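Same chain, two partners: subunit A is paired with subunit B first, then with subunit C.
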Partner chain A sequence: MSDVAVREQRIQWPEAGVSRVPFEIYTDEPLYEGEQDLLFKGPIWNFVGVDVEVPAIGDFKTNFVGDTPVVVVKSSADTYSAFVNRCAHRGSTLCYEKTGNRDAFTCVYHNWSYDLEGNLKTVAFHKGVRGKGGLPDDFRTCDHNLQKLRVQELCGLLFVSFDEAAPDLETFLGPKMVAHIRRIFSKKVRILGTFSQYMHNNWKLYMENVKDSYHASLLHTFFTTFKLNRLSMQGGLVLEGDGGHHISYSKMATDSGSGTDYESGSLRAQNDEFALHDDRILKSWPEFEDGITHAIQGIFPNLIVQQIQNSLALRLLIPRGVNGCELVWIMFGFESDTQEQTDIRVALSNLVGPAGLVSMEDGVIGSFVQRAIVGNQGRETVLEMGGRSVESQESRVSEASVRGFWQTYRKYMGL
Partner chain B sequence: MSGSTELFHRVRPLYDAYADCIDEERFEQWPEFFEDVCFYQITTREAYRKSLPIGIVQCNSKGMLIDRINSMKKANIFEPQRYRHLLGALHVESTDNGTIRARMGFGIVRTLESGDSMLFLSGVWHDEIVETPEGLRFREKIAVLDSGCVDTLIVVPV
Partner chain C sequence: MSWLNVARLSDLSPEYPAACSVQGHRLAVYLVDGAVYATSNICTHQFALLSDGYQENGEIECPLHQGRFDIRSGKALCSPLSVDLATYEVDVRGDEVWVHIPDAGH
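Moving on to the complex of A and B:
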């Protein structure tokens, strides 16, 4: 692959390893193209949706793997199919709606029609008109199916892969990540809201931010002001395998708030005088028996499973060119929730998303980096909080999971 | 003049004042456009049509609106930015219980200090308005955004 050779000439990883990241990693166009092939279409699993989004046979949802448009469809009572959202004839977009239901997928351009598994079934005028025109006699429809993807499901979460070499989904995720997904998705999901957020930064800057538990109480001042998340709380970082997946978790009830930098009042984030006029956005109930109140799970390369008290969400990050990305939020609860529990989830949703009182800063911080590294080629980012290695840690004042992301990224990208 | 025309001319200044309050950055006055017990939501057209309970912002009291403004001023970090509301057509009707149902389309141009300026949001307010001794107030205001995708973040009220 010639583009790999070009990329390797352009980007040399610093000798210091994953405690340094060259700024070109966020700005290099050929690298972005390489990511589509080596990473997103490589031997990994990409989240595309939840089973409840496509409950009936023929229900489909469009989404993206990297920046490649795909369709996932419930193709029989117990199977899902997925394919590139592109007609095999002239490459036209097959489904231009976000969701819908089809008996068959028929391209609007020339009426080539595919079954729910993506097999080409009929071609309009394939025998021509009155014996003239039409396809050659040796044209075989089975040679012109849609480009199919593998689909595997875990607890109703649908993942797809372009690569036959990808291990089983659960092997790819690893036992700790699978256990955490089973913990959250133990009941039938009810989707409570969906929206997305366009950010003016390379997609990897957002994923680093998700994996960076060091910044949470420093950038997000609302959180600390209301004692929702302090580094002094019991918690930790769990890394899986080579470090690509992570969970950052904490238990709110165990917070004493003493014996830390917070008491000295030296941190900008601290402001105990600030009182809410209506504190129902802080109300929650203990939902999980393990006592964990906050857990952010980052699934390599671009999925986040969020538990912020009872605010549950899936976030899928879609790259939109080298300088942009779109974060798709799926806010959810469970079918078995009471009205009161739903109300609590709705109130807590004010903390997250593009207008989240706690986390709105995440929407802009990546662009602060993206615009500042222009013209700084040859320089690099520093990741030494919590050491220079990649392993699970008790302290969340750490960049270990960010280093884990880069360790895994380098493996897939051959950097 | 029909009753509905009279109603239109009574309600329209409320929207002019509401947009002016935000565009001129008198944010501490913004909650005063609402009753104490109120519902304010920013949601998307898709979520609104599917009756999904979670939009982008949901407040159930004037207190929560005040908290939003305090958070914007004291806690949240964002680039300095200003809105210019472009107001569309107003539709009003009175209801049996004496409140006013109103609907108005809007666009918002957002300008950053760099001079970067964009059509940030467009949508329609679905509102319930009540007559109070202090004048007309919103009991319910639902900003339904045409797009489900928000650029960067929303911190200034809509």
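Moving on to the complex of A and C:
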């Protein structure tokens, strides 16, 4: 017997490379299990929360890395700790609340108690009762701490990693991604609200959708009709490193839609019969000096930083089995916002979320794929918009960042 | 009557406290170096009976979180304790252990 787990390689990547993706990638159960170990617990950084969610010592937030439950806690004035949300004794969930404050984490099952860094401090009845029972003399509490994760922070965004081999956070993100995060998170964040939605598709279908700048004005009637985001605006794709992270951006003031499919009225997503009775929902102000009005940043594997006009959000995608996923939205502004600016951000947030005027289509399109690829194994998706390679491009009529996602995915998964 | 007969001296052990319940008061009664002491039997941190705890060197360790109290003074000696334990005056009359409960009234 080998003591090394041998994972059977069931999926063969097409010879065409990242311009093809086998449909089994969204339906294969063993692959899903492999993703938990090789990807989410691999040498990467996973977003778990924002510093303002846990401002005081003892403040904690529960979240997930892949589908593994974790706790992140402010453990001292300048330290954050994170650990798997699972008692080291019998594996019970340690922390049931989404957020809260604790001076220690105590398991409800047998009262084992851990400090804010996840160290086992006390074991109930460790000496038994009246000299009978209890733990053996050679039991050492320090051998039974919670499973700890590394924590690193950038501009108040907290990331964790299971893997000692993960490079430091900024190296993992790369300079272009770090610069974009610094651009958005330049001031103290104020969270306006959070919500989540369940989607009936494999998590990777949603990440592809996020990275697919080609679809936005074709699928989303609202974007195109109200001229918020059209491919005829100046914009582009910025890819980082091997293509896992991307930014898709556009500048609304630069629309040159004349002479395109937008003007000829041939696009399903353009419906000039639609109008708004109250257009205050689309009020915005120029917030960033670079003129960019729409920027979607995808951080590999499952974080999105959103700027849609003045609607700012973090989205974390949690895999929920091979056929489902949950998207957690954190809508935010800044402490320095005026009330009018906050009102604009809140009004614009009608565009996003599970019933968002734009995002509702993204919430369902993955399940359109998921239900159609059942029983169609051995076939594959086609990704040739903007060529077959992975690089930054001037045009968003491109699937380059989707190919970039797969190039990076294959690297971690050994596919 | 605020003095109550709570235990027999011959029943006490220096190894662990005796649990006594009198008129709604839950007491732990200890034998330390031949002398008898009484405290509340309920830990001041969370609900746990100190009579289920571990007695050593004049201290009682709570079974739940291993907080330790000085048996003689009731003083809380370590985290997670922050509140001292109530102690009671004891009078040994022959084999009878009497404890003074201030609010036992009458």
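For the reader, a short list of remarks on this structure follows.
By our rule, the second predicted complex is superposed on the first by the 405 of 415 C-alpha atoms of A that agree within 3 Å, B and C clash if a C-alpha of one lies under 4 Å from a C-alpha of the other, contacts with A are read in each partner's own complex, and residues count from 1 in each chain.
The rule is simple: a residue touches a chain if its C-beta (ideal position, glycine included) is under 8 Å from a C-beta of that chain, and two chains touch if they have at least 3 such contacts.
On a predicted model such as this, the values are computed, not experimentally measured, just so you know.
When the two complexes are overlaid on their common chain A, residue A:Ala104 makes contact with subunit C while staying clear of subunit B.
After overlaying the two complexes on the shared chain, residue contacts for A:Gly353 are found with subunit B alone; subunit C is out of touch. Contact with subunit C, but none with subunit B, is seen for A:Phe125 once the two complexes are overlaid on the shared chain.
Between subunit B and subunit C, it is B that contacts the larger number of residues in subunit A. By the document's definition of touching, neither partner reaches A:Ala179: not subunit B, not subunit C.
By the touch criterion defined above, A:Ser113 reaches subunit C but does not reach subunit B. The part of subunit B that touches subunit A in the complex is made up of residues 42-44, 46-47, 52-64, 66-68, 70-71, 74-79, 148-155. Partner subunit A is touched in their complex by these residues of subunit C: 15-16, 52, 54, 61, 63-66, 80.
Residues 98, 191-200, 219, 221-222, 225, 271, 274, 276-278, 280-281, 326, 331, 342, 345-347, 349-350, 353-355, 357, 360-361, 363-364, 367 of subunit A are the ones that touch subunit B when the two sit in their complex. By the touch rule above, subunit A contacts subunit C in their complex via residues 103-104, 106, 111, 113, 121-127, 129-131.
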